[in-house]
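Here chain A shows up in two complexes: once beside chain B, once beside chain C.
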Partner chain A sequence: MPREGSPFKGVGIVALKEAADHMSSARMHLVMLLVLLTAIAAAWGAIDRIRDTTAEDAYLFLKLFTVAREPLPSFAAFLGFLLPLVAISLGFDAVNGEFNRRTMSRLLAQPVYRDAILFGKFLGGLLVIAIALLTLWLLTVGLGILTLGLPPSGADIVRSVFWLIATLFYAGVWLALAISFSTVIRTPATSALAALSVWLILTFFWGMIAPLLASLQPVDPFDPVSIVNQYELQQSIARFSPQTLYSEITGLLLNPSARSVGPLFMHQLQGAVIGAPLPTMESVMIVWPQISCMVAAMLVLFTLAYVVFQRQEVRA
Partner chain B sequence: MSEIVLEAKGLTKKYGNFAAVSGIDLSVSKGEVIGLLGPNGAGKTTTILMLLGLTEATEGTVNILGKDPLRQPLEVKREVGYLPDAVGFYDLMTGRENLRFTAKLSGMSREEAEKRIADALATVRLSEVADRRVATYSRGMRQRLGIAELIMRECKVAILDEPTSGLDPQSTYDLLNLIQELSQGGMTILLSSHMLDVVQSICTRVALFHRGRIGFFGTIEELAARIGRGSFVIDVEADGADLQNVGAQISGVSSVQRQPDGRWQVEAAHDVRPDLARLIVSAGGSLKNLDLRRARLDEAYDQYFRELAHAA
Partner chain C sequence: MTTKSGSLLAVTSLVTILLAAVPAGAQEAGTGEALKGFWLTTSYPELAIKPGETHTLSLSLRNENLPPQRASIEVAGVPEGWEWALKGGGKEVSAAMVSPDSTERLSLELTPPQDAATSEAYNIEVKARTATDTVILPLTVRLSGSETASSGLSLDPELPGLRGTSRSTFSFKIKVKNEGAEDGLFNLAASVPAGFNTRFKKGYGSEEITGVPIAAGATETVTMEVIPARNAAAGRYDVGLEVSGNGIAESTQVSLEITGEPQLRLVGPQERLSGEAVAGKETSFAFTVVNAGTAPASGIEMAATPPTGWNVEFDPKELGQLAPNSTAEVNVKITPSEKAVAGDYMVSLRAENDTVSESVQFRTTVRTSTMWGAAGLGIIAAAALILGGAVTRYGRR
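Here is the complex of A and B:
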């Protein structure tokens, strides 16, 4: 049945209101404080390390994000770990919270479509994450320039901006996951737990599960190709976790000398100068499938939330 | 007959095999205040949601202000306001900010919104607390804020779901006065309630819901004529006489019932006190008190639903 009027009317208003809510909520302040502190600690650690090894290192600027000093992980690893937490904390009560506050029926009685409400909530969360990410990135870059006196090259900037955008998609996957759970599950506490369990499994246990599943395909010790096959199977299973995709993207974008995310054969390296940087666009091309996978995951999860939300009864 | 603003034909809503609403017809003229009455679970809220297009009807059509809420939802929702049962607001925002948000969603310009918000808050007497967080509001204040939203949006039709439930008598009175003011301002109002006596003073017509159907739709007077068969009720305190026998001898008495506190309740078509007194005394009873009152509508209403329940 055709309906009149644009489904996007009011998206901006809902998104800005959501963003404003997030920015002023105590929950967000706590999470952002955690992120800020750890990010600065990680960047500081990297700077410390880089000072010691300036002479040997190429691509110093990008090292700011990837170098770690024990026991702290690198800035990029930190984001990979904490961003899902931020996204889940932004999204876990997006829809069911509205039902619990009994504001949903009033909201739906306003002259906007349901589409606008859900889409606005997603964009609002993404906007907050984007602002936080940009701030962290600028802080780290600023710290690097100030303490190391290290101006980034144009290529460095392009690479790290691409990486920043990929990071936003990565956070988007988790935000979409959290919003889907908030649509399907009626209690915010349960939906938060569900989202966190998925995060826990994909982040910590997937690395163990993937080889286990891959080992179901037998390896013939006399056939080296079967070993490669098994490894590739394991890698494809591992890539179901956004965490894997994201670390592959990070590895390639922030390290110009990296050439592949999978196994590399000698004949493929013929004529290559080992350690020579890859052109920026080549690196982006290599991880393009990973980036589109994350966008696809985000869209699939959002669509799930969308379908469930459209069919949901107004009466809680 | 003035212009019809809302018309529903054969509205039906089924959840699986269970019919929450089955075949409701409703026609409301401009400026009317319609009370949708019935016990909880009679299908009032479902009907309201279908009228607004918030729930798709299994069968039947709705026409509000000449529009179909399922095909032109935005236009319908622009002109039809809805105050849900136990309305919620964003607790961390002030009353004014809450209204500002809905004003933006309705696409008002900033200046116009500010002016309308201030006027609406003044009408519902919330101006003084407008800049306090809604978390500090009482239930009555929240309901009034909900009404303020309808005033601000200048709705032509307002649908209020249980606006008075959970309010103390003073807040209920205030809210009903407000609703009456809105109606005098030309707004067409539908309100649902399970308490007839609360809303009968402001309703021009009432619809009685029972198990997903409208059992009666008309004015309060028509309702009284139809279900208050004995329009006179007499409370009798008497010892030593069986009023069942006595009542049977008087013409016009429609029922005699013993109350739990030992008194008798006699319903009659006219004032039968002289006959009652004479017959009780002559039957050897001692008459202590005879109290005549008009049948209260809520009793009639309760009885109406009790009869329906028996009939089912």
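Here is the complex of A and C:
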């Protein structure tokens, strides 16, 4: 029997309530404290490094995000590493937690559809991550302006905002993954472990698996084209990991002189003005496939969670 | 080389023999290698002077290897009516003291009267009487009647006419001879057409000079460099050189001929040398070829050196004749390679004919095709459609 009205009625209320719950939860506080400390440490390291080499840098402001000082990784690398953790911690018990606390039926007793609950949970998580990201970004920019005493240019701001949006989508992929696991798996601990193991595989082991899979295609040492082919195969396998996509996006958006994510041949660089900055929109265009793949992956994972959730028995 | 030095040796020995054969004359000569004695000499014992003018002869008293000698000087044979004075150190003297191994200089000033007979030769004797003997210096003075026409300076340009383009430097080598009796510092001045520059150098030197000192009777080579105005029209230009100093002046005229030359310039669209193009797509840029030179340029061809895989075409490819100060439009169609990555590339464009070539670097910003952007949007749209489908299928439970 079809029901009346929009399935999205009440999404806003659910999302805001969910966000408020996250904001006041001890889990979120701990995770954010960790992220905040590491991010500030990374930004501080970058500022220290930049101070040594101020005169040589053309894109000083963007270097805040990409320059690292040993042993700390850069700000962007930190986000690529820790954001999945934040997203997983926000989403691993989104659905099965409600069942376990026996609050699902109480929730559904409200005048909202099931659609609204899942959409609201996803958007609420995304909202929290967005707020956290914006805070971190402002904090880093503020630190940079305060300590380096130099205002960012308009192009720098546009580039870093685009990068921030891409970062949000990157976190969204992991949030959608965690919510999917929380819908499919009934125990929160199992779903958390499942999400974490996927994260571990894609973040740490994918870099080893990709060359292994690519080496299945034979290489003729006397044929340079086959070497290039194998490299390209390895690169496309590596791109199944959101981590790879995200680092490619970071590399291009935060480095205006980067021209390509793939291998470049000498004949493509003949006559090229090396080191000249690309127009901002060109940089975005180059990583546009990566960005759209991440957005699509987020949508598909969420759709999976949605379909499974809609078909579940909730009166248990 | 050996033959040359051999002949030099022969000449030297011949001179020695001749010297040995010359008799000692009126004055005592020292014996052997250690020359010893007392002499009274002058550089020019026979000379012609002008009536009514004071002429100075310089006399030298030389004491070689003798004790200090006191010499009383007497001048005999000066004709009636002539004025004369013997001077040493600026004062009138009648005797001189010469230390061993040294020379005393005296000057004899002779002023023949205005109406003196010019044809005769007068014999004047200057005697230097020392304690032991007398040295006599005979002089023969003639009177020259006619005034010489020389102004005292002569200018002789080596190459009075030069030819070159408006970008050349024209170097004139001019020999300046001081024919006057006195050394002097002579100022150099050139008169050139407006916009031309000149500078003077001495001989092959590199210093720029404004004047040159020339000893009496000596010749100096002065280089006058003329740098024409860049926009000087083809034609013949006269350059005057005036040398003045010591109350005398002399000028000469040289000329330079400027041949016209075409000079091409390539001007980009809106005077910019940068533009945007999409990978794999042809973009047209309106270039202007300008002949900024002074002669027509003919048979101009357009050419380009693009990066590999790029295609650059010109419309038209050949320009034919281009008069001075006229322009021609050329459409440059640049097609970046399909595989060109986004960014800036330098494309070298040239306009050239047999004699001139002008090249510019055109900075082309390659934009990636928006095809991938559309494909990315398509992927997102497909994912959104799947979500939408799921919502319509399972929604509102």
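The definition used in the following text is that the second predicted complex is superposed on the first by the 313 of 316 C-alpha atoms of A that agree within 3 Å, B and C clash if a C-alpha of one lies under 4 Å from a C-alpha of the other, contacts with A are read in each partner's own complex, and residues count from 1 in each chain.
In this text, a contact is a pair of C-beta atoms (placed from the backbone, for glycine too) under 8 Å apart; a residue touches a chain by one contact, two chains touch by 3 or more.
Keep in mind the model is a prediction, meaning the values are calculated, not measured.
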Fit or clash between chain C and chain B when superposed on chain A: fit
Output check: A:Y306 vs chain B and chain C. Expected answer is one of first, second, both, neither. What do you get? second
Hey, is it chain B or chain C that touches more of chain A? C
Touch test for A:Y113: chain B only (first), chain C only (second), both, or neither? both
Which of the two partners, first being chain B and second being chain C, lies in contact with A:L133: first, second, both, or neither? neither
First, second, both or neither for A:A46, with chain B first and chain C second: neither
Quick check on the superposed pair: does A:I291 touch chain B, chain C, both, or neither? Answer first, second, both or neither. second
Based on the superposed arrangement, let me know which partner A:S24 touches: chain B (first), chain C (second), both, or neither? first
Between chain B (first) and chain C (second), which does A:A194 come into contact with in this model arrangement: first, second, both, or neither? neither
Where does A:A15 make contact in the superposed view: on chain B (first), on chain C (second), on both, or on neither? neither
With the two structures laid over each other on chain A, which partner does A:G5 touch: chain B (first), chain C (second), both, or neither? both
Which value, in Å, gives the least CA distance between chain B and chain C in the superposed three-chain arrangement? 7
Touching chain B in one complex and chain C in the other: list those residues of chain A. 2-5, 113
Touching residues (chain side chain A, partner chain B) in the complex: 1-5, 9-10, 13-14, 17, 21, 24-25, 101-106, 108-113, 313-315
Residue positions on chain C within touch of chain A in the complex are 306-310, 337, 339-347, 363, 365, 367-368, 370, 372-373, 375-377, 379-380, 382-384, 386-387, 390-391, 394-397
Spell out the residues on chain B that touch chain A in their complex, using ranges where they run on. 45-46, 49, 52, 54-55, 70-75, 77-78, 81-84, 86-92, 101-102, 104-107, 146, 149
Chain A to chain C touching residues, read off their complex: 2-5, 7, 113-115, 259-260, 264-265, 267-268, 270-273, 276, 278-279, 282-283, 285-286, 288-289, 291-293, 295-297, 299-300, 302-303, 306-307, 310-311
